[in-house]
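Letters A, B, C and D mark the chains as written, and numbering starts fresh at 1 in each.
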């Protein structure tokens, strides 16, 4: 009775969330007719959808049962199966939260598009379908429904990427994105096909049941790794990501980077840990290596960017890398049958997915705010926002702290868990692994510090200092909705950082349902100390550290207050910054984004494909008297030249070669038919 | 039988009327009216067949397989007629056509439909041949309707190539008759498919193989299998757009239908013999299919002319269907039947939008077609969505059928999925690299919206979408019955 | 086991005629003047109709007389007349038209004939009768006319080749299967007629569009866009 | 395992932390004095650094016009983090409940947090020096961190834990043995410590020459109590590394069961160890010159290699 009701509850919530998303898409069809109401048409249902989705996620992650349904859609012999289990619940929750935040952010943000040339209807419909598609992906329980939802997600997001289609660059990146998405989808389809043993029954239950010989299962795994990796953006398949994510409207970028990548991760987890079952440690090693490379590569390139959204996109690649590292560790430990250790890795991966969704969306929304306020994406022209928009600056700071994995914020918890998992390497008998894992962990540490450097750079250049361009010097604080959206996400970053034990207890329902085990954290007052393995081995108390920070802030407050009205402390005086006595220190003399990352560029030079240009036009024969000196530096992703351009060239060559068939001469065509006939006759005799 | 008579007679009557009638406005409406009538009668026919099962005298034979194609033919014929009325109106207005040619156009349009229906409904393989030749003759003058040098050239090539192809088919038919004459004494019966199918096992394999090769090459020319496809892009690109729509949507299907019928006989004959691989017929089709699919996908990349682009995509899809029928087996056949339908619908919808697009730009050169979405959203989005559908994106029906085909391929020939998937990716890239600049971007100067009746396009795309989301059970059973007819095994 | 001499005289006559038909298509290949080609085509038609009559009298299939008459009218009188008439109007009556030298063409042709025999070799059912040889012969005729199609450049000679192809088919029909069902034959005849008319129409269109009948100049529609 | 909630142990932890903080300036000053002796200069008086701090605390604050609130909050957070870090390091008593608050990795995280704000503060005012300082600081740390982590790994492999006090207990309880892994780890930790605390040859705390300074460049705009807090934090950090090096590898003398006499011994022991370390540090700083900024990666690569060798030997030689 009671069970039934809870079961019913989650079912209704899920149903509502999907339907409201679709309703948003449908209502938006009329957006262009009621321009004034267009934003409401889209965002009110979306808001509801977000709420319902996150509520549904919560219900199941707090222990209520999920459900399985069949819809009368799809193939006659393969109706759509939907299944809502803890794993789906987590990711549906993620989708819900971010959708919720985005629907707070959106109305104020899209207002400027109302005056523009681009259609509201397109944006609305595509957004609604995009969200609905993602929700269906995590719900789907058979290959057919999964593929449909997956491609719905891809196509909708493609249309959003191509939304501002007047710029040729946007069109190009949209094309690249859709092409990669298509190839990825094909690989995924293949993976499912192989897994099903080329069987006609493609429901996930059948896939779970299927037993594969080891070569075939390896093939299936490889296909899935690259198929989902294509979407998740693992190196070297990441190339579309920094092209596509930035060009979409910012709240869409938040959805793509924050959520869609997670959906890809979901697919990978679902495939590897649920459908394929008992992963071998060799696959784990592959995932681990790919993950480490992806993470390092992503953060290094993020450091080199000066387009804010591009930078964020590259940092998404980095975080995906981190998640894959965790997954790799988990698979290694499961494969060498230390399930209780693999569990930590899996939980860390899930945790980091949640965290990255939170802070990356937060950061993208922050970037969106800047763009909306001063139409500027280039770091080199920003500066001093902290003086003009304090709240945005505060929220963005929280985002930066979280993504740089600093205690007591959420990024740190997941990365700490990953390191803890790695630290259990001695438990493995295989010496190679015991060496490999620490090195991977070291790369992870390098990554996280580089990430910190990267976001010091972002925050320091964009928000601190003084505005480098005229139009960023007089920006105003963003509207209420935008602040609310960022506030919600920032708050969640704090909460999930300070109370890891609660979140982990929620996550362990997932491991329960996938592996059949859950994390045992044996301390009194578990909420205070996070001790994944055992209290002796490692412990971390986020609340206490948070308390420490708060005390420090309090101290400052006290001193600040006292210094106001205590005669003994002399009052503060303001002077110009020290200018070595030359005078006339101005904003253009600040350290620039390029110069900030120069040392790292120097050190990791071979990894980059750098084009420097120095324009120095001066009076003839007196170099010192320069009229103007301009310096530009472009860092191009090296995989273009290594991989992508050659493939393109090759396709074109083959196409040209083939097109010679169509000579235009009738006699040649007749000759073709003649010889075809001869060949066939010869074949049959 | 009455339903059948109506279905066949209505187009003939329409042809005669339209040949006499000379007012362009009225003839457009009349054309539409006639097409609607024949669609209704074909539905009636389908209803009878689905209720009573296959029937027919000795000259005509209707079963679930060909009645399905009959309905499809009349349906696409109808929607294309809806589309063609304003389109041809516009052509008259910009004086690309004269009234007399319009008369010719309408008459041959109905004549073409008639030959299609005849080819589908006849029981006599000889008549089937005659009807297909008649289809060539009916359309060749339409291809050269504009009398431009290019159109003349295209028509000439179309005429000679299909003529030669059809001649080869006739030789095949004669050999078939030769083989049959030994088994079936009454030479009036000897070419009747229903009779042959009954006693196919007794036909002499050696003769049947040679006959099959000739028929395959002959009708394959009409299907547009590489390397016999050369007429296809020319004819599609130079003729008026409604004709491209029906050529792609119908003629190719019917030619493939003929091949499948013959394959059924050949398979049965080869089963009986020992000195031939019983799968030979299927393997030949698969070979043609894969080659056509991949080569056409590569061709897509270097197109300049929008209609050529999509005609190559037609070749690609026909290749896919041929491949699927070649695999045989219930799943593949089911997928192939579904693919016939969704491809006809999608491709004719695309050709409709393409027609309007080229009217907007005043040319078929893709370099001049730009910013459709801004110039005329209906056309732009129609083209974009249609192309997404034809490229096999869910939730459109093409995805469904391709999904089935891939599954079937994985079951029987796992390693053949690789070229297929490669071809899919290539084809997608080839289509979109041309499509994006056309639909997106700012609206060019001097280009303005034209009068568009986007109803048929929307109907088609909606149907395709519906098929992608769920196949209605009656249709599924229909396909299943056809599948059982072709392969002998039911899928469901 | 039979030898040629055991066959009834009339069948020997038929086979002889078939050989002559084959010879005629060799001759067609060898011709390079338009007018000669057309004339040779007419001769082939004549041979065909005679052969048809013989078969008819041999098998007593009466409708074959009708088809013989039809052949005579269409392929011996009407079509050659039409072609000659048009080529005179187009002023190409005495033009040369051959892509490769006739000698080489003939060599290829004879190779083809041998190939055709090898193709029909595995047919056992008809090993006893003359039918298999007839199949081989007609197959050869078809192949030769396709070869001719490939090696001709003028539209008009291509049409002749096309018609020769039809001849081959018709020849196959009568010699191997004593004609097709009446429906089919009528249909075929009808198609041939329409085809001829349309050909006639096209000559002038082509003429107008490229100032000659040289189909090699019909190469606007090609993918060779360097 | 200590009882996390007994007030006594918390009291001990608190007093130990206070002692730690008090000792920090003393240690720094001690190093200064030794250097002066070695360089034949007149050493500052024993309590000099206390005086400096007091002076700074009472001085008037001068802020740049362009300084933002963050610039004023940063010192408190930097100080707070180093305070917390200090509280988890076993100084006199091995097992303090606070040690459970953070293991080695969290310790690194705390430093990172402080550094993050330090670097931001450097960029806040918008002078190019600050930016330069932050950029270099982040770069060097980024390179130092992997080595640091490998060291932690080695320790964790030997002691099967990352909890500092547990490591110490483990070392105390295990029979005295010469482990190559620990030897290498020790060396690596020293090098990393030098880099992290910005001592010669990586950075020169005494230098205010614009083009060479790193840590000082970030503090350039600070004055008064803010500067005092920053300096104090730096002292504590140096102290922490010293104590870590001392107690992790040579833990003998540290209190395991709390009696007055033991505490006395422990105080003497730690003082002695620190004194020795100070002398070594001073000697080293006198012997070598500061290196160019782009030599530092090599320096840290060496540190990383040593740490790696340590870990490998832990895996290969000491696999048990």
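Just so it is clear, contacts are C-beta pairs under 8 Å (C-beta built on N, C-alpha and C of every residue); 3 or more make two chains touch, one makes a residue touch a chain.
These figures come from a predicted structure and were not determined experimentally.
A.B. asks: Which chains contact both subunit A and subunit D?
C.D. replies: none
A.B. asks: Which chains does subunit A share as contact partners with subunit C?
C.D. replies: B
A.B. asks: Can you identify which chains form the pair with the largest number of contacting C-beta pairs?
C.D. replies: Counting C-beta pairs in contact for each chain pair, the top pair is A-D.
A.B. asks: Counting only C-alpha atoms to place each centre, which chain is farthest from subunit B?
C.D. replies: Comparing chain centres, D lies farthest from subunit B.
A.B. asks: Would you kindly tell me how far, in whole Å, the mean C-alpha position of subunit B lies from that of subunit A?
C.D. replies: Distance between chain centres: 45 Å.
A.B. asks: Would you kindly tell me how far, in whole Å, the mean C-alpha position of subunit D lies from that of subunit B?
C.D. replies: The mean C-alpha positions of subunit B and subunit D differ by 79 Å.
A.B. asks: Averaging over Cα atoms per chain, report the distance between subunit B and subunit C in Å.
C.D. replies: Result: the chain centres lie 31 Å from each other.
A.B. asks: Just the number, please: Cα centre separation of subunit C and subunit D in whole Å.
C.D. replies: 101
A.B. asks: Indicate the residues of subunit D shared as contacts by at least two other chains.
C.D. replies: Answer for subunit D, listing residues that touch two or more other chains: there are none.
A.B. asks: For subunit C, jot down the residues that touch at least 2 other chains.
C.D. replies: Touching at least two other chains: 119, 122, 146, 149, 158, 215, 218-221, 223, 225.
A.B. asks: Find every residue in subunit A that makes contact with two or more other chains and list them.
C.D. replies: Correct list: 659, 661-662, 666, 670, 673, 677, 681.
A.B. asks: Which pairs of chains touch one another in this structure?
C.D. replies: Contacting pairs: A-B, A-C, A-D, B-C.
A.B. asks: If you look only at subunit C, which of its residues touch subunit B in the complex?
C.D. replies: Touch residues, subunit C against subunit B: 119-120, 122-125, 131, 135, 138-139, 142, 146, 149, 155, 158, 162, 165-166, 168-169, 172-173, 176-178, 180-181, 183-184, 187-188, 190-191, 194-195, 198, 201-202, 205-206, 208-210, 215, 218-221, 223, 225.
A.B. asks: Can you check the complex and tell me which residues of subunit C touch subunit A?
C.D. replies: 99, 115, 118-119, 121-122, 146-147, 149-153, 158, 215-216, 218-225
A.B. asks: Which residues, counting only subunit A, touch subunit C once they are in their complex?
C.D. replies: Going through subunit A, the ones touching subunit C are 659-667, 670-671, 673-674, 677-678, 681-682, 685.
A.B. asks: Hey, which residues of subunit B end up touching subunit C in the complex?
C.D. replies: By the definition above, subunit B touches subunit C via 59, 124, 126-127, 129-130, 133-134, 137, 140-141, 144, 147-150, 152-157, 159-160, 163-164, 167-168, 170-171, 173-175, 177-178, 181-182, 187-188, 190-191, 204, 206-207, 210, 233-234, 237-238, 275, 299, 302, 304.
A.B. asks: Please give the residue numbers of subunit A that touch subunit B in the complex, ascending.
C.D. replies: 72-77, 117, 119, 144, 147-148, 151-152, 154-155, 162, 165-166, 168, 171, 174-175, 178-179, 182-183, 186, 189-190, 193-194, 198-200, 202, 651-652, 654-656, 658-659, 661-662, 666, 669-670, 672-673, 676-677, 680-681, 683-684
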